[in-house]
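Next come two complexes built around chain A: one with chain B, the other with chain C.
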Partner chain A sequence: MEFSADSFVSKYRDDQFYSSLLVSFNRDLENVLTSLHHQMEENKVQDAIELCHKMAGASATYGYPVLGKLFERLEKDLEKSGTVDGHISLHLKTLDDVCNKITEANKELVVD
Partner chain B sequence: MNNNMNSGESRATTICPPTKELSTANILVIDDSKHIRDFVSAVLQREGAAVVGSATALEALEICKLRPFDLIMVDLRMPDMDGFETLKLLRSQQVAAPMIAFSAGNEQQKHVDEAGFAFFMSKPVERATLVDKIRELLNLSTEG
Partner chain C sequence: MNSYLGRILLVDDDEKVRNFYTATFTRAGYTTIAVSDLASMREALSKYSFDAVFLDLKLGRENGIDGLPYVLKTAPFTMVFILSSQNSIDKAIECIDRGANWYFTKGTEPDDILTKLASYLEGKSEVGEKSSVEPWRENLVGTSKAINETAETILKLRDVDSTVLILGESGTGKEVVARALHKASTRANARFEAINCGAIPENLLESELFGHKKGSFTDAKADRKGIFEICDKGTLLLDEIGDMPLALQTKLLRVLQEKQVQPVGASTAVKIETRVIAATHRDILDEVKSGRFREDLYYRLSVVMVQIPALRHRKEDIPLLVDHFLSKFNKRFKKTINRPSQSTMSRLMNYDWPGNIRELQNAIERGIVLSGDGNLSVDDMFSHLKFGEAAVPTKVVSEEGFLDHPFFDLPLTDAKQAFEKTYIERLLKLNRGNVAELARRSGRYRADLYRVIERYGIDVDSYRQES
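Then we have the complex of A and B:
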């Protein structure tokens, strides 16, 4: 799946108000992905759904609409399948890739 | 003015403690997402409001036993309790502040109106919209 470079940068990146919020959000992405992987490995589908739902709203609010949509789609697919199948694993892989690119694209983001 | 606004006006003018400005408002934000709590707190604190965040509905119920709020924002979907139940329990504790529902989906609009929330805000929460809506709601509370 291809995404434009804009997908990895918050639309609020140049807004001073968001600077410390974005640093905190971007830092937390790795923890979120780690939790999501654990939940998937242990087939804790409901926990994974809750986490995806939470991150869908937060990602969009922090100016990452593509990331928000990916979390939302994973949430819906988990609700539909009720288990972690190949399709879900593929979604998770896409989410991993996008989060890595967000981390990479925001490396220099620091709080004043 | 839409139906949702009418609902908010009615509730605010009858039961909300008077608050003239956002800068003097005490606001409780109930959301299991730390990022959303941080965002809403940052936006409202910048306007001068005093904001308390709660990660769970149960914690919010306890907080509301200790102090009053001018406005409460409630996430509709939380692991320990949904926003509708939270509103119901807060009202049973005689919490009179107007409440704003927010959620990542907007499919619950009808239920939100019926439940007695003053507003529904769908995520993503936009900074300007958040401030405008809250200001609108608090200003309404000073009328009548």
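Then we have the complex of A and C:
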């Protein structure tokens, strides 16, 4: 799946007011994905659905609509399938890629 | 930061989202309290009045919309905005149908949210039906002598800054009168704030009222204005003043005398022009007599006293109140339930409404929600009494037997206290020492009950052990 470069940069990136919140959000992405992977491995579908739901809202709030949509789609698919199948794993892989690109694109973002 | 614009309650289970919107609202000039679940939301609503609540729909495994009726009932002057990640027209329509003012999806531009919020708060009094009565009188429903006298008193007080003490049983509408006093006054364009002195822990109340300086206590991470300062030039309702701890009563007296507050940890005082309205359901003179309320503060607060009559003493207002609530809830629930028949109205008129207007309002709401044939049914409206009978088995006592009770041989003050103690002990026994359940059944705040329990030396643990 292809995403434009804008997808990896928050719309609040240039707003100093939100910079410390944004740094903290970006920093936390890795932990979120680690948790999500664990939940998938242990087939804790309900926990994964809740985490995806939270992240869908949080990502949209922090100015990452594409990331928000990816989490939302994973949430919906998990609700539908009720288990972790190949299709879900593929979604998760896409999420990993997008999150890595977000981390990469925001490397130089620091709090003043 | 802009000047103070209002108080917001944000309910969202995600810390990241709470942090983002707390920052956004605070920068715009709103005091923001953020909580993560419905229980904390209810607790916050019992302590403060909020201008707006932002409610997430999915709070972990709780459904946020389940909290909507509670907000609408307990905070009728508060705007409710849904803030959800679900981008669904059907969901938005459902929420607005159920009484929310607006539906935002997460990701909406903060400026758009702030613009909508400001326009709702500015037009707050215009939301709803246009009324022929003056705006300040809109919620003072009735034509009885008692309510007209209350309205006349409000008008007499519109241009003066005298402190007002509002007395009345629970559910009589003390906050409605306080808001009417504010709206009718020359301060109408400034802030109105209400704080429940009985619901906030004693160690936090001083800071809530007067503010604090950074570092003055462990959690004081920044300077913070107290509610007196926040509504400078406006009106402050100190609700349940009878429950204010004695030590704080002394400080409040000084504030009222000197018209300045000293934030906790500050070396200088801040001048304020806040009009104070106090309210209590307690027999305040009784509290003075027993030493629980300072006499000098009582005189300072009671420059003007407004006694709101119990609904059983103004029964002629019941038909108008029924119409008022019928119209309000028909609109909220998109229903067209008819006015009650004459026989139903007679039943409503013959009941004494110990829970006053709040009980009547709940009965009408229940009647509308449960109505299946377009009419209000007496059974539906009074179902809470049946529930009470089932939930608390009571002995049938004849009137003679009841009047033989030793309470009747005591002076009134002692009899009331003896009854209060017995009442609490009985409910604790029934609920196996569960104070939350005691609070629910008695219709009192937990903080309030803990003080009463302490006052009577009741050992709650012994009821827990009994079970």
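Keep this in mind: the second predicted complex is superposed on the first by the 112 of 112 C-alpha atoms of A that agree within 3 Å, B and C clash if a C-alpha of one lies under 4 Å from a C-alpha of the other, contacts with A are read in each partner's own complex, and residues count from 1 in each chain.
Simple rule for what comes next: a contact is a pair of C-beta atoms (placed from the backbone, for glycine too) under 8 Å apart; a residue touches a chain by one contact, two chains touch by 3 or more.
Model, not experiment: these values are computed from the prediction.
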When chain B and chain C are modelled together on chain A, clash or fit: clash
Partner chain in contact with A:Arg73 - chain B first, chain C second, else both or neither: neither
Chain B versus chain C as contact partner of A:Lys44, first or second or both or neither: neither
Footprint overlap on chain A, comparing chain B with chain C: 17, 21, 24-25, 28, 50, 53-54, 56-58, 60-62, 65, 68, 72
Residues of chain C defined as touching chain A within the complex: 12-14, 16-17, 19-21, 23, 27, 56, 58, 60-61, 84-85, 105-107
Complex contacts: residues of chain A adjacent to chain B: 17, 21, 24-25, 28, 50, 53-58, 60-62, 65, 68, 72
Residues of chain A touching chain C in the complex: 17-18, 21, 24-25, 28, 50, 53-54, 56-58, 60-63, 65, 68, 72
Touching residues on chain B, where the partner in the complex is chain A: 32-36, 38-39, 42, 46, 77, 79, 103-104, 123-125, 127
